[in-house]
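One chain, chain A, appears in both complexes that follow, with chain B as partner in the first and chain C in the second.
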Partner chain A sequence: MSNTYTIPVGPLHVALEEPMYFQVDVKGEVVQSIEMFAGHAHRGMESLALERNFFQNIVLTERVCSLCSNNHPLTYCMALENIAKIQVPERGQYLRVIADEVKRIASHMFNVGIGLHVIGFNTLFMHAMEVRETMQDLKESIWGNRMDISANTIGGAKYDLDDELEAYLRKTLEELKKPVEEFRHMYATHPQVKARTQGVGILPPEAAVEYGLGGPVARGSGIDNDVRKETPYAAYDKLNFNVVLGEGCDVRSRALVRLGEIFESISLIEQCLDQMPKGPICCDPLPDIPAGQAVARSEAPRGELIYYMRTNGTMYPERLKWRVPTYVNWEGLRVMLDKAKVADIALIVNSIDPCLSCTER
Partner chain B sequence: MVLSIFKVLWNNLKQGPSTDPFPFGETFTPARLRGKVTVDPESCVGCGVCATVCAGNAIKHVEREDGSGKDFYVWHNTCTFCGLCQHYCPTDAIRLTNNWSTAHRNEDKYKMKEHEFIAYARCSECSQPMPHMPHAMLDHIYGTPTEELENIYSLCPECRRQKAAQQFGAQIHD
Partner chain C sequence: MINEMKQRVIKLAADMPKGAELNWTTDLKDNQFGWVTLNDVEDLPLFAEKILPEGRLVTISACNAKAEDAKSFHEVCYHFVMKGLAVTVTVLPTGVEPTVPSITQWHKSADWTEREMAESYGITVTNHPNPRPLFLHETVQSEAMERLVPLSTMTNSASTNSLWEKIMGEKGEES
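Moving on, here comes the complex of A and B:
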């Protein structure tokens, strides 16, 4: 008689952010194997996109996911611009980077915060959310919404920064540095956080390559892979930044990579503000979209996001397909959860920053 | 360090709550907040680009049968506050206010709309109804339009064609 038994984790689990069902075979409290079942958050968005015109789809793609809600319309617009051979004005490209990086800071802060909530350290979790709140106020002041900032449109950016908002943005970023540095120090040195996160959810670099993982999950295992560096889009080729890498290959390493990326993002925004030329923010507002097909990719907070689009000369796309970072990253869970403790499952799942509303859309 | 957590706690005690006292006090509402839509019927030309780009189909243009103009509806409960209408409006007639207050009783749900009447102008020759051209739009296209241009834009397309043909004929005749 086998002494393993099967326990369900999810789909509505107290510590998972979104619905996903794990069927976990355990022996004692050690995970032997897992089976993942997705499909609880399916909304049929790829089909919905075919019934909406190119402009309406900017908004639809933004609603795919709330935490990387800037990357979806950005990549969608880039795919469309590739088809129509639209050149985005330089200022528009810098504005796109600013929007992207502000969203990245908020997303990373949220994920690290939730990780602390999962291990039961709610004081530091609430502190993370409070630090993140400055970014939410910033988004509300510049773009007018806390999550769906609606910064992109076909051929450029939809918003502009005046001197007053630019000064406000600079001031907020300057004020953010100290709390994030303190937060990173607390995360890195607190003995209980260390005890729960170090050596948990090990992902060897070879496995990260084998499974084709991306984003902070791969970078936490020392894989130098960043779309912003490799195939720069928007204005990333004119900006200096480092790809933050971790060596620990564990939950803690992935969180520290995310915290490190916040500083890179702050520096990127400051460089944008320094270098940004004056001029138009957007090209011809109603461009003709010819028939064709294109692929665009960008670095979302969770990893590499790819959009494929085919058009047929009408106002509606013929096919719109996207591959989101979580789709590749959750395969890595098979490695990370192997021989893990039952109590660590939620923590390890959170460490890949899963976004199921993107993946199942 | 464990100590720095106590520093955070002590600062939190000193600062008091970080949340706004809403609904008993004011809450954070920046000027650029994307809230309820308003329409200025004076500067609207009724081109319909807002209805085309509207993601939720919240904007409806309905022609009046007597040809006097069109009714412009914006349904607040269908609006996603994306601001595409404002971005693509050629005359800045439609814009998002920072009024985010959309709570209402269920029986009022059909009143949660913006309704404006976009009146058509009359042709100065044949008094046929036609979409009116706001002055701001003419300025936008021509800088400061001459009187002749303004006269042309007071004509309906049919009369404009006739007048242009007459002018052209007169030129040939000369």
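Moving on, here comes the complex of A and C:
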């Protein structure tokens, strides 16, 4: 007689941020296999995008997901700029990087914080959220909103920084360094965190390549795949930064990659503020958008984001398709959850920083 | 590295049994983009196999070809990335029911996106290892991206009263 049985996890589960249904086959406490059922947050946005003109789609794409909400309109605009050969002014390119990196810091703190909440370490979770709140305040002060910051437009940036805002940004980043360093130290050395995250959710580098995984999930297994380095966009080709890699291939390694990337993001923003020239922030006037097709890629907080656009000479896209990093990372869970303990399922799922809103659109 | 990858794509396109067209574009940062059009969809599995190990499938975009000179109602674009070089391979599905072969056997990342294409565009994917719908429930009609839904149908039961009547009607009770 088989002692394997099936348990449901989700679609609504206290440890899942968004709805996903996992059918988990377990033997005792050990996961044998999983099947995933998606579709609970499907909104048909790709179809909707065909009914919106190019400017309306900036607003629409920003609402695909709130955590990487800056990368969607950014990559969308990049695809359109590729088709129409629109040159983004240099200041606009730096402003795009600043917005992107601010969002990345907030997103990474959120994910690592939720991971701590899942393992029951709520003191450190609250600490993570407090640090993240600094970035939320920053976003509200500069862009007037805490999540959807509307920083991008076709041909450049939609916001500018005056001397006062620049000084405020520098001061906030300076004040952020110590708490983040303390937080990283706590995460890296605390025995309880180590016990729950080390050796859990193993993703061998070969599996990361085989499944085509991206972002900090793959980088936590040593795969160097950062789009910002691989095919630079905006001002990344003028900035110095390291691709943070981990060797542990586990939940802990993925979290430490994210925490390491926060320091790179702070450095990138500071470099932008040092190097950013004065001048226009956006191409004006914009040319007509001709018929054509283009691909654009960027590094969202969760990894590689790609947009494909086809135009036909009208003000509406003929096809707009995007693939978010989480879309491919889900399948990696088959490897990470194999022979995992039932109690670790939510923690391992959280370690891919899953985004259902992005995945299902 | 990019030039090395470019040479690989040029050779791959030249090696396709039924032939392929190839052209290149760049963006404003001089990042390169390859655009391959296969003359025969049956060459797709060969291309997918030979682009390994450097090439990985990023996503698949099915499109309704609207140009007047389009050769097929559908076009399917396979987006690969080879060490930073983005390569898009376009094929025209064949058959009365538009059909493309699955490439999940070589690229595991094709699994979900092939299933999504099948449910959204009604394109049959042959030899898929797990051909169940991805996002849409089985009760939803297929070809979700293809169908015209009249506004009157879409807004049917949108008001509280008619929604209640509909629910009670389905349960066989009077409202």
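As a working rule, the second predicted complex is superposed on the first by the 358 of 361 C-alpha atoms of A that agree within 3 Å, B and C clash if a C-alpha of one lies under 4 Å from a C-alpha of the other, contacts with A are read in each partner's own complex, and residues count from 1 in each chain.
The rule we apply is simple: contacts are C-beta pairs under 8 Å (C-beta built on N, C-alpha and C of every residue); 3 or more make two chains touch, one makes a residue touch a chain.
Computed from a predicted structure; not experimentally measured.
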| item | value |
| --- | --- |
| Combined model on chain A: chain C and chain B, fit or clash | fit |
| First, second, both or neither for A:Pro8, with chain B first and chain C second | neither |
| First, second, both or neither for A:Val295, with chain B first and chain C second | second |
| First (chain B), second (chain C), both or neither touched by A:Glu304 | second |
| Partner chain in contact with A:His190 - chain B first, chain C second, else both or neither | first |
| Which superposed partner A:Asp148 touches (first chain B, second chain C, both, neither) | first |
| Included angle at chain A between vectors to chain C and chain B, based on C-alpha centres and rounded to the nearest 10 degrees | 90 |
| Least Cα gap, in Å, left between chain B and chain C after the two complexes are fitted on chain A | 16 |
| On chain A, the residue positions that both chain B and chain C contact, one per complex | none |
| Complex interface listing, chain B residues touching chain A | 1-2, 4-5, 8-9, 18, 28, 30, 32-34, 49, 52-56, 80-84, 87-88, 96, 98 |
| Chain C contact footprint on chain A (complex, rising order) | 38-39, 42, 44, 46-47, 78, 81-82, 85-88, 209-212, 230-233, 237, 293-297, 304, 306, 308, 310, 312, 318-319, 321, 323, 327-328, 330-331, 360 |
| Touch list for chain A against partner chain B, complex | 52-53, 55-56, 58-60, 62-63, 123-124, 127, 130, 133, 137, 140-145, 148, 150, 153, 158, 182, 185-186, 189-191, 285-286 |
| Chain C - residues contacting chain A, complex | 25, 27-29, 31, 33, 35, 53, 56-59, 61, 63-64, 66-67, 77, 79, 81, 83-84, 86, 88, 107-109, 111-113, 120, 133-137, 144-145 |
